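Order of writing sets the labels: A, B and C. Residues in every chain begin at 1.
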Amino acid sequence: MITIEHLTKRYRGGVAALDDATLTIGSGMFGLVGPNGAGKTTLMRILAGLLRPTSGRANVFGHDLSTWRGRQASKALLGYLPQDLGLYPNLNAIEFLDYMAILKGVTSASARRSQIDDLLQQVRLTDVARRPLRTYSGGMKRRVGIAQALLGQPRLIIVDEPTAGLDPEERIRFRNLLADASIGRTVILSTHIIEDISQSCNDLAALYRGRVIYHGPPGALIEAARGHVWTVTADTRPDDGLLVVSTLQLARGTQYRVVGESCTSPGAEPGEPSLEDGYIWLMAQQRESLRSGAA
Amino acid sequence: MTALSLRYGVRLSLPWLAVVSAVAIALLMIASPDAGMRAPTLVLPLAMGVHAALLFAPGDEPSLELLLAAPRLPYWILLERLLPMLALHGAVGLAATALIAAKGYVPPAELIIDWLPSALALTGLGLLIAFVTRRAGLSVLVVLLLTGGLLFSVDSLILRFPHVFILHPFLTPGLAYALGIRLGMDGDVLYALNRLTLVLLALAALARTVFGLRDALRVLGLDAHPFQREDT
Amino acid sequence: MVAGMLGRIIRMELTLGWRRRLLPAVGIFLVLLQVGLMLIGTSGRGQTDFIMLDDTVQPPLITRVDLATGQEYTEVASLEELESIPVNLRNMRFDVFSATFQMVAYVSVIFPLVLGITLVITLADIIPVDRQLRVRELLEASPLHPGLYLLAKWLGGWAATLPMLIAALTALLVTGRLILGAYEPGLVLLAWAGVTVPFALLCAGVGVLAPAAVATRRRAILMGALLVPLVLFGYVSWSVSFWTTLTGLWRTDSTIALLPLSQSAILLTAQALLVALQIVPLLWLAQTAWIRLRR
């Protein structure tokens, strides 16, 4: 169990990347969504033991992350895939994973070998395992990244934007890999790709300007958008404060999928909300409440 | 977690730079038998300082976040790169010492005391500057300029400010003796103080770097002083 | 259009160089080092009481300074004094000449040695860092000619160092005036313009272009460090002409006045530098060809 209570993180200059965030994360896949600058990466780094919170508490399987001991202890249970994954260009995949396994405390050479072989098979890199990492494509590098995150049988896996830049097949493969890894573990997945969340997460949280504005199952977020999603076929872009989620050029005109409080456009048909619609609606409400609060 | 991986430490620490030291020492010994007697002292501090500067600069480290997120304490990263570097350059220095001592000019212990403390001091300096500035380039530059400048001018500086002897990286027993007369002290004591100070400076620089590694925020450059800021 | 593109890239390189904070840091370090070297270099130097011998009047007059009080006084020169002072040291203030000579030596000999090391190391990673930051791909996808890119990097790197060269020169001029006394600024500036600035151009060229094909910053800096002895060796070779002209001829009974002699020494060194500068276009051609071959 991971608990976060009134967590705040301020950087130099008073920038509050996290502001009084409170969450409880159980086992399984947990999604973390939010716009750029919402605090997702900061939260992930705190949970990964890289950053110390300014105030509040974060607890990972009983280890208090506000103490150095707690952070070190939680790192022993952690698999981490950062957003900007750097790899040593002159090492090959086996060597890189071997090195990472040593850093994670897998001291037995045979245990390391066995884990690495297994993981390379899972991420389908066995054939290219002896090539230097600098020759790998972006997707292959990401697979090395997830493999190193799975080393040492971690209880908590944190992945930050793991599928960015991957083709659809790679993304699906990744999702499946993470879903398999989440059995008996906690996997926190931070992503902009809502589809990844909808296909694999049983719980999610949305951040906005450092605050948690939603925590619950994806289904509830979808339901919150019911009655606020329409499809409109028109020659011009619908207005009236509606947000256009998608645009499709058809023979009879342009079909817009819109989200908003209400829709008075002629011919508007209510749509079945998706998780993406739910996210858009949530963010729209948040901005509106900030605007009305400021006014 | 105390798993030290010397194998990867060697791979990631540019071990072939020790060959460059060896070649430079050999060339100096061939080109000038007089200067060659102090070849390890003239080459190793510079070579080791530059090498140390290239060992670990947070801004240039590809997998920095992964290294810091690992349960192994981060100072092991430094040690597993520093130890092979010291061993290799040390081997070069000892070999050169043995060659020079074999010619019967100077006892080997004296030769080692001549180059080792200054080499360690510049190693510490290179390591520390690269860590604090997060850039290997600036550290290499400072080590090069400082060593070059001191090689040519520190004796003149000592004449004007004798008490600076304690930081003189290339102090010789002869100069220490002359200074001793000027300062009214035993030259051997001055020399010993100088050598000891250099070693202590090296240890202090290493300690500062190791201690600095505990602050992941700074190491990652997320709360960086303007001079440590990343390029992006 | 090409000139416009070149100008814009050079301007961008200037901005980048200063925003990286490396160049101001290096500039401050250079200023301190130069001032320090000058303080050390002038320490312990013996002072002479001789100021000037005027043999245009009868009887010839010698001006000296009382070292204790600093008061100058003039008296009739004895035959021994007349014979001991060479013709080319007469009818000019020796203290001004001495100070000018030292300043010219600092600007033309000592500072370029420091500059050579500084520029080659500081600029070595300018092109590899583009690759590391993945900006290189964007540049290669643009219509920018690779030769133009390299040229702009070289000139931009050199331009970015000009403010710190000027700061170091200012520090030198001020420190020289305070420590050495009055000197001929024109000659010092001629040395600056004729020797230091072109040498900076040469070092910037070697520093930027030689490691251009290197994959990582660390290797580029290493290459820069290994190039330093070559650059210094080259500099020492052609600066020998400066010294032989200045000091060798001075020891003869030449009636050439020393200030014009210094001028010709500076111009000779500048000529040698201009010849050496041809290395840079060769490097530029080689790297341009290499980039085109790899595409």
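In this section, a contact is a pair of C-beta atoms (placed from the backbone, for glycine too) under 8 Å apart; a residue touches a chain by one contact, two chains touch by 3 or more.
Remember, predicted model here, so these are calculated numbers, not experimental data.
The chain with its C-alpha centre at the largest distance from the centre of chain C is A. Once CA atoms are averaged chain by chain and compared with the all-protein CA average, the nearest chain turns out to be B.
Rounded to whole angstrom, the centroid-to-centroid distance between chain A and chain C, based on C-alpha atoms, equals 54 Å. In terms of their C-alpha centroids, the spacing between chain B and chain C amounts to 29 Å. Centroids of chain A and chain B (each the mean of its C-alpha atoms) stand 44 Å apart. Touching two or more other chains at once are residues 216 of chain C.
Those residues of chain B in touch with two or more other chains do not exist in this structure. Annotation for chain A: residues touching 2 or more other chains are 89. The part of chain B that touches chain C in the complex is made up of residues 14, 17, 20, 50, 54, 57, 60, 133, 135-138, 140-142, 144-145, 148-149, 153, 156-157, 159-160, 226-227, 229, 231-232.
On the chain B side of its complex with chain A, the touching residues are 1, 3, 5, 8, 11-12, 61-73, 214, 216-217, 220, 222-223. By the touch criterion stated above, chain C contacts chain A in their complex at residues 215-216.
Of all residues in chain C, only 20-22, 25-26, 29, 33, 36-37, 40-41, 43-44, 113-114, 117-118, 121-122, 124-125, 129, 133, 216-218, 221-222, 224-226, 228 touch chain B in the complex they form.
Residues 11-12, 48-52, 68, 72, 75-76, 78, 80, 82, 84-91, 95, 98-100, 102-107, 148 of chain A are the ones touching chain B in the complex.
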